[in-house]
Structures are given as structure tokens and as C-alpha cells.
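Have a look at the structure that comes next, please.
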Amino acid sequence: MDHGLIAIGAGIAIAIAAGLAALGIGTAAGKAFDAMARQPEMSGRIQGLLFVAIVFIEACAIYALVVSLLLIFVF
Amino acid sequence: MDHGLIAIGAGIAIAIAAGLAALGIGTAAGKAFDAMARQPEMSGRIQGLLFVAIVFIEACAIYALVVSLLLIFVF
Amino acid sequence: MDHGLIAIGAGIAIAIAAGLAALGIGTAAGKAFDAMARQPEMSGRIQGLLFVAIVFIEACAIYALVVSLLLIFVF
Amino acid sequence: MDHGLIAIGAGIAIAIAAGLAALGIGTAAGKAFDAMARQPEMSGRIQGLLFVAIVFIEACAIYALVVSLLLIFVF
Amino acid sequence: MDHGLIAIGAGIAIAIAAGLAALGIGTAAGKAFDAMARQPEMSGRIQGLLFVAIVFIEACAIYALVVSLLLIFVF
Amino acid sequence: MDHGLIAIGAGIAIAIAAGLAALGIGTAAGKAFDAMARQPEMSGRIQGLLFVAIVFIEACAIYALVVSLLLIFVF
Amino acid sequence: MDHGLIAIGAGIAIAIAAGLAALGIGTAAGKAFDAMARQPEMSGRIQGLLFVAIVFIEACAIYALVVSLLLIFVF
Amino acid sequence: MDHGLIAIGAGIAIAIAAGLAALGIGTAAGKAFDAMARQPEMSGRIQGLLFVAIVFIEACAIYALVVSLLLIFVF
Amino acid sequence: MDHGLIAIGAGIAIAIAAGLAALGIGTAAGKAFDAMARQPEMSGRIQGLLFVAIVFIEACAIYALVVSLLLIFVF
Amino acid sequence: MDHGLIAIGAGIAIAIAAGLAALGIGTAAGKAFDAMARQPEMSGRIQGLLFVAIVFIEACAIYALVVSLLLIFVF
Amino acid sequence: MDHGLIAIGAGIAIAIAAGLAALGIGTAAGKAFDAMARQPEMSGRIQGLLFVAIVFIEACAIYALVVSLLLIFVF
Amino acid sequence: MDHGLIAIGAGIAIAIAAGLAALGIGTAAGKAFDAMARQPEMSGRIQGLLFVAIVFIEACAIYALVVSLLLIFVF
Amino acid sequence: MDHGLIAIGAGIAIAIAAGLAALGIGTAAGKAFDAMARQPEMSGRIQGLLFVAIVFIEACAIYALVVSLLLIFVF
Amino acid sequence: MDHGLIAIGAGIAIAIAAGLAALGIGTAAGKAFDAMARQPEMSGRIQGLLFVAIVFIEACAIYALVVSLLLIFVF
């Protein structure tokens, strides 16, 4: 039964982390569009920060992807 | 029972990640429409950023798809 | 018991992903109607982007459908 | 026990997908009524887009229905 | 135990789908009343669209009813 | 154990569907009162549509009741 | 174990349905008070409709009560 | 194990129904205070309707209490 | 195992009912303070109704307490 | 296993009831501060009612504490 | 297995109660800061009441702590 | 299996309590910043009260930490 | 099975506590940005308090980390 | 079964922590964009604080990553 439970562990790991990361990107991008529409001359700086935020959010998803792949191939 | 648990792991992985990614795209796009309606002259830049955000969100769903396919074919 | 668990895995995969994708389309379309009503002259561009968003959201549901069919027929 | 678990899988698949699709249609239609009341002269275009959105949402429910019937009759 | 699990599957299928469909009709109708009160001269078109939305929502509940009856009588 | 699981299936079916249908009626009626208070001269049409909505919502609860009784008496 | 599971089924049936019905009555009545305070001359009609809504909501709870009693005495 | 499961069924039945009924009374009463503060001359009629709503909500809790006692003493 | 399950049943019964009743009292009292601050001359009547609402909410908690004690001492 | 399950029952009983009671006190007190800030001359009466509400909320937590201690020492 | 289940009971008891109590203190304190900022001359009385509310909320957490320690040391 | 269940109990205890305490500190601090921005001359008193609130919230987390360590080292 | 359950305990402990702590920091920081934008001359004091709040929130996550490491290395 | 349960523990640990951390970054960044749009001259300081907040949030995700890797490689 070990094999099956490892698969479930890997599945849960990527599922919740990637899903919530996607929601987080959606929230941050949505707020950024909102802020740009209100203050167009700030759009350059906001765009830059949005990319930074997306990168850090993706990093969280990558952590889970790494754990997930480790569980599948190494464990 | 291993075979069955792997299938559940693969199912959960794509289900939650793809579903929340879809919600995230919906949120981001909805906020983008909102911002465009308020500041039409910003619509070019917002449209570009929306595509970037969608690409990063889809990336999260793809991570889960990869894990899911790995669980089905390789594991 | 393998057969039954695979069926549950396939069921969960399409259920959550398709359901949340439907909610996401509903949210995006609802916000688009809102934005069109406030800025009618932007309705062409918003309509185009809405189709793009729906396509990407449907893609997420399709990922889950593919995994689900793979689990039923191939696994 | 296989037979019973397949039934549960089919039940979950259609239950969550159809339920959330119904909620999604309700949300989209509700927002459309709202937008029509605010901008009556846009009601033709919004009505058209509402049908498109409903069709895509129903498609998600149909995916789950197909999986559900496959689980009952073919699997 | 098969018989019992099939009953649970049929129960879940109709329970969640019909319940959420009922909530969806309530939401759509509530928003429609709201819109009619704000724009009485649009009430004819909104009423028509409300019936269309209700029909599509009921369709989702019917899908689940069909699956539920199939599970009880055919499976 | 079959007998007991069928009872749980029947219980879940009517519980969730009837409960959410009751919430749906509450939501729709609440919004209808709201709309009537804002636009008294529309109250006739809204009252009519409210009954239509309630009938369709009750229909969803009836579907679940039918499944529930089928599970108890026929299955 | 059949006897015990039937009791749980009956308990769940009445618990969720009656609880959500109570919440629904609370919501509808609360909105009705709100509407009466804003438009006192509509209070007669709203009061009448509130009773209709409460009756339909109670009907949902009664459905579950019937199923619950059937499970206890007949099943 | 029958005895214990019946106790759990009775416990769940009264717990959820009575708890949500209490929440429902709280919501309805809270909205009633609100409405009275805005339209003091309607307070007599609202007070009367509040008692009616509370009675119907308590009825839901009583249904669950009856089922709960039946499960304990008769079942 | 009967003894232990009865204890869990009694625990759940009082836990959820008493907890939600406490939340309900908090909501009702909070709205009452709000209404009093807006319409000080109504504070006598609101205070009276608040006690009535609290009494009915406590009644719900008492129902669950009775069931809980019955499960512990009589069952 | 009886001993352990009784401990879980006692733990759940006090956990949910005391936790939600604490939330209820927080809500009621928060709304009271709000009302006092808006209508300082009502602060005496509101303070008195707040104590009454807190006492009734604590009563709910005490019910659960009693059941919890009964389960530990008497059951 | 008794020993382990008692530990879980003690863990749940303190976890949920202490966590929700912490949230309740946060809510009450947050609303108190809000009220002080709007009506600085009431800050003395609000500060006093805030301490009273915190004490009663802590009391709820203490109840759970007592039950938790009883379960660990006495039970 | 005792050893493992004790670990789960200790894990749940600290997890939920510390997590919700962190959320509570975040809420209280956030509201405090808000209040300071609106009424700068009250910032001294609010800062003092914020520390008091944080201390009481941390106390809740400490209770759970104590229970958790007791479960690990003493139980 | 002890070894595995300890791992799950350690996983849950850090998962929920660290996740909610991250949410808490996000909330507090978000509110701080908001307050700074409204009252720039308070930004020094708010920044200081934000660090204090973050430190206390991190402390909660550290408690869970300590418990988690104790479970892995010592238990 | 130990091996499988450790994998599930590692999966849960990174999943929930990384996911909620991603949501937290999204919230904080979204609020920061909002604040920058309202007060452009504060954008330097807000940007700095945003990085500090993101670092502390990432720290929470790192804690969970460390526990997760420890569970996989050392435990």
C-alpha cells in the first residue's frame, strides 16, 4: 500500500499548493489592474512589482513541485 | 490496492489545481474588464499583463498535469 | 478494489475541475457584463478578451477530462 | 465492493460538477440582469454573450455527465 | 456492501446537484427582481431571460437525476 | 450493512437538497421583498415571478425526495 | 450495525434540512423587516408573501422529517 | 455498536438543527432591531412578525428534538 | 465501543448547538447595540425583544443539553 | 477503546463550544464599542446589556464544560 | 489505543478553543481601536470594557485548558 | 499505534492554535494601523493596547504549546 | 505504523501554523500599506509596529516548527 | 505502511503552507498596489516594506519545506 499512499501524498502536495498559488496570482494581478486604472502614471512600477510578486508566488508552487517529484522519483 | 490509490492521487492533483486555476483566471480577467471599463486608454497594457498572468496561472495547472501524468504513466 | 478506486479518482478529477471552471466562467462573464454596461464603447475588446479567458478556463477543465479519460480507458 | 465504489465515483462526478455549473449560470445570469438594468441599450449584446457563457458552462457539466455515464456503462 | 454504496452514490448525486441548483435559481431570481425594480421597462426581457436561465439550471439538476435513477434501476 | 448504508444515502439525499432549497427560497423571497419596497408598482409582476422561482426550487427538493423514497421503498 | 446506521441517516436528514430551513426563515424574515421599514405601506403584501415563503420553507423541512420518520418506523 | 451509532445519530440531529436555528433567530432578531431603529412606528408589526418567525424557526428545532428523542427512547 | 460512541454523540450534541447559540446571541446583541445607538428612544423595546430572542436561543442550547444529558445518564 | 473515545468526546465538546463562545463575546463586545463611539450617552445601558449578553454566552460554554466534566468523571 | 486517542482529544480541545479565543480577542481589540479612533473621549471606558471582554474570552480558553490537562493527567 | 496518535494530537494542538493566533494578531494589528492613520494623536494609547492584546493572544498559543509539549514529553 | 503517524503529525503541525501565519503577515502588511497611504506622516510608527506584529506572528510559526522538529528528532 | 504515511505527511506539510503563503503574498502585494495608486509618493517605502513582508512570508513556506525535506530524507 506504500506505493499508493506516496502517490496520494505527491498529488495532494502539488494540488493544493499550485491551486492556491494560481488563486494568489489572480488576486494580485486583479488588484494591480485596479490600481493601474486609478493611477496610470504608476503603471510601470506596479508592473515591475507584480512580476516580483508572481515570481515569489511561483516559487511556492515550485517548492511543492520539487517535493512532489522527490516523492515520485526518489522516495 | 496500489493501483487504485495512484489513480485517486492523480485525480486529486489535477482536480484541485485545475479548478482553482480556472477560478484564478476568472478573477483576474473579471478585474481586468473592470479596470478597462474605468480607464479605456490603459486597456493595451492591462491586456498584455492579463495574458502574462494567465500564462503563469496556466503554468500552475500544467505542473499538476505533469505530476498527474507522471503518476499514471511512470510511477 | 482497484477498479472502484480508479472510478472514484476519475470522478473526483472531473467533478471539482469542471465545477470550479464553470464557476470561473460565470464570474468572468458576470464581471464582463458589468464592465460593458459601464463602458459600452469598450464592449468589442472586452468581448474578445472574455472569449480568450473562457478558452483558457475550458483548457483547465479539458486537462482534467483528459486525466479522467486516461484513468478510465488506459490506466 | 468495486461495483459500489464505481457508483459513488459516478455520483460525485455529476453531483459537484452539475451543482457548481448551476451556481455559475445563476451568477452569470444575475450579473447580466444587473447590467441590462443599468444599460438597457446594451441588452442585445449582453443577451448574446450570456448564451455563450451558459453554453460553455453547460459544456463543463456535460463533460462530467459523459464521465459519469462512461463509469456506469463502459467501465 | 455494493448495494448500500450504490444507494449512497445515488443519494450524493441528487443531493448536491439539486441543492446547489436550487441555490442558483434563488440567486438568479433574486438578482432579476432587483434589476426589475431598478429598470421596470426592461422587465419583459429580463423575465424571458430568467426563464432561460432557470431552464438551463434545471437541466443540470436533471442530469444528476438521470444519473441517480440509472444508478438505482440499471446499474 | 446494506440496509444501513441505503438509509444513510436516503438521509443525505433529502437533507442537503431540502436544506439548500430552503435557503434558496429564503434568498429569493428576501430579494423580492427588497425589490418591492423600492418599486411598489412592480410588486404584482415580482410576486408572480417569485412563485415561479419557488415552484422550480421546490421541484429540485422534490427530485431528491423522489430519489430518497425510491431508495427506501424500491431499492 | 444496520440499526445504528439507519439512526445516523435519520439524524443527518432532519439535522441539515431543519437547520438550513431555520436559517432560510431567518434570512427571509430579516429582509422582510428591512423592506417594511423602508416602505411601510407595502407591509401588508410583504407580510402575506413572507408567510407563503415560510410555508414553502417549512415544507422542505417537513419532507426531511417524513423521510426521517420513515427511516425510523418503516425501514 | 448499534447503541453507540444511535447516540451519534441523535447527537448530530439536535446539534446541527438547534445550532443553526439559534443562528437563524439571532439573524432575524438582529435585522428586526435594525428595522425598528429606522422606522419606529412600524415596531409593533415587526415585533409581531418576529415572534411568528421565531415560532417557525423553533418548530424546525423541535422537529429535530422529536427525531432525537425518538432515536433515544423508541428506536 | 458503545460507551465511547455515546460519549462522542453527547459531546457533538452540546458542542455545536451551544457554540452556534453563543454566536447567535453575540450577533443579536451586537445588532441591538447598533440599533440603540441609532435610535436611543427605542432602546426600551429593543432591550425587551433582545431578552426574548436570547431566551429562545438559549432554549435551543437547552434542547441539546437535555439530549446530551439523556445520552449520558439514561441511554 | 472506550476510554479514548470518551476523551475525544469531552475534548470536542469543550473545544467547539468554548471557541465559538469566545468568538461570540468578541463580536458582541466589538459591536458594543462601535455603538458607544457613535452614541456616548447610551454607553451605560449598552455596557449593562453587554454584560447580560456575555453572561448568557458564558452559560453556553458552561453547559459544554459541565457535559465535558461529566464525561470525564462520571461516565 | 486508548492512550493515543486521549492525546488527540486533549489536543483538539485546546487547539480549537485557544485558536478561536485568539481570533475573538483580535476581533474585539480591532473594533476597540476603531471605536477609540472615532471617539477619543470614550477611550477610557472602552479600554476598561475591552479588558473585561478579554478576561471572559480567556476564561473560555482556560476551560478548554482545564479539560485538556484533566484528560492528560487525571483521566 | 499510541505513539503515533500522541504525535498527531500534539501536532493538531499547536497547528490550529498557533495558526489562528497568528491570524488574530494580524487582524488586531491591521485594525490598529487603520485606527492610527485616522486618529494620529491616539496612537500612543492604541499602541499600548495592541501590545496587551498581542500578549493575551500569544497566551492562547502558549497554552497550546504547553499542552503540546506535555503530550510529547510527559504523557 | 507509529513512524508514519508521527510524520503526519509533524506535517500537519507546520503546515497549518506556517500557512495561517503567512496569511496573517499578509493581512497585517496589507492593512499597514493602506494606513501609510492615508496618513504618510505616521509611516514611521506604523512600520515599527508592523515589525513587532510580524515578529510575534513568526513566533507562532516558530512554536509549531519547534514542535514539528521535536516530533521528528526527539519523539 | 510507514513509508506511505511519511509521504502523505511531507505532502500535506508543503501543500498547505506553500499554498497559503502564496495567497498571503498575493494579498499583501494587491494591497500594496492599491496603496501606491492612492499615494504615489509613498511608493518607495511601501515597496521596501512589501519585500520585507514577502521575505517573512517566504520564511514560513521555507520552514514547511525544511520539515518536508527532513521527513523525506532523514526521518
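Going by the order they are written in, the chains are A, B, C, D, E, F, G, H, I, J, K, L, M and N; count residues from 1 in each one.
Rule of thumb we're sticking to: a contact is a pair of C-beta atoms (placed from the backbone, for glycine too) under 8 Å apart; a residue touches a chain by one contact, two chains touch by 3 or more.
Just so you know, these numbers come straight off a predicted model, no measurement behind them.
K.L.:
If you walk from chain to touching chain, how few steps can bring you from chain A to chain D?
P.N.:
Each step joins two touching chains, and the minimum needed here is 3.
K.L.:
What whole-number Å value describes the gap between the mean CA coordinates of chain F and chain J?
P.N.:
Going by mean C-alpha positions, chain F sits 34 Å from chain J.
K.L.:
If you average the CA atoms of chain E and of chain F, how far apart do the two points sit, in angstrom?
P.N.:
Inter-chain centre distance comes to 10 Å.
K.L.:
For chain E versus chain K, what separation do you get between their C-alpha means, in angstrom?
P.N.:
Spacing between the chain centres: roughly 42 Å.
K.L.:
Chain I to chain N: how many Å between their CA centres?
P.N.:
39
K.L.:
Two or more other chains in contact with one residue: find those residues in chain N.
P.N.:
If we look for residues of chain N contacting two or more partner chains, we find 1-5, 8-12, 14-16, 18-21, 23-27, 30-32, 34, 36, 38, 50, 61, 68.
K.L.:
If each chain is a dot and touching chains are joined, what shape do you get: line, ring, star, complete or other?
P.N.:
Contact map by chain: ring.
K.L.:
Quick one: what's the order of chains around the ring if we set off from chain K and go to chain L first?
P.N.:
K, L, M, N, A, B, C, D, E, F, G, H, I, J
K.L.:
Touching residues of chain D toward chain E in the complex: what are they?
P.N.:
Counting only chain D, the residues touching chain E are 1-5, 7-12, 14-16, 18-27, 29-34, 36-38, 40, 43, 47, 50-51, 54, 58, 61, 65, 68-69, 72.
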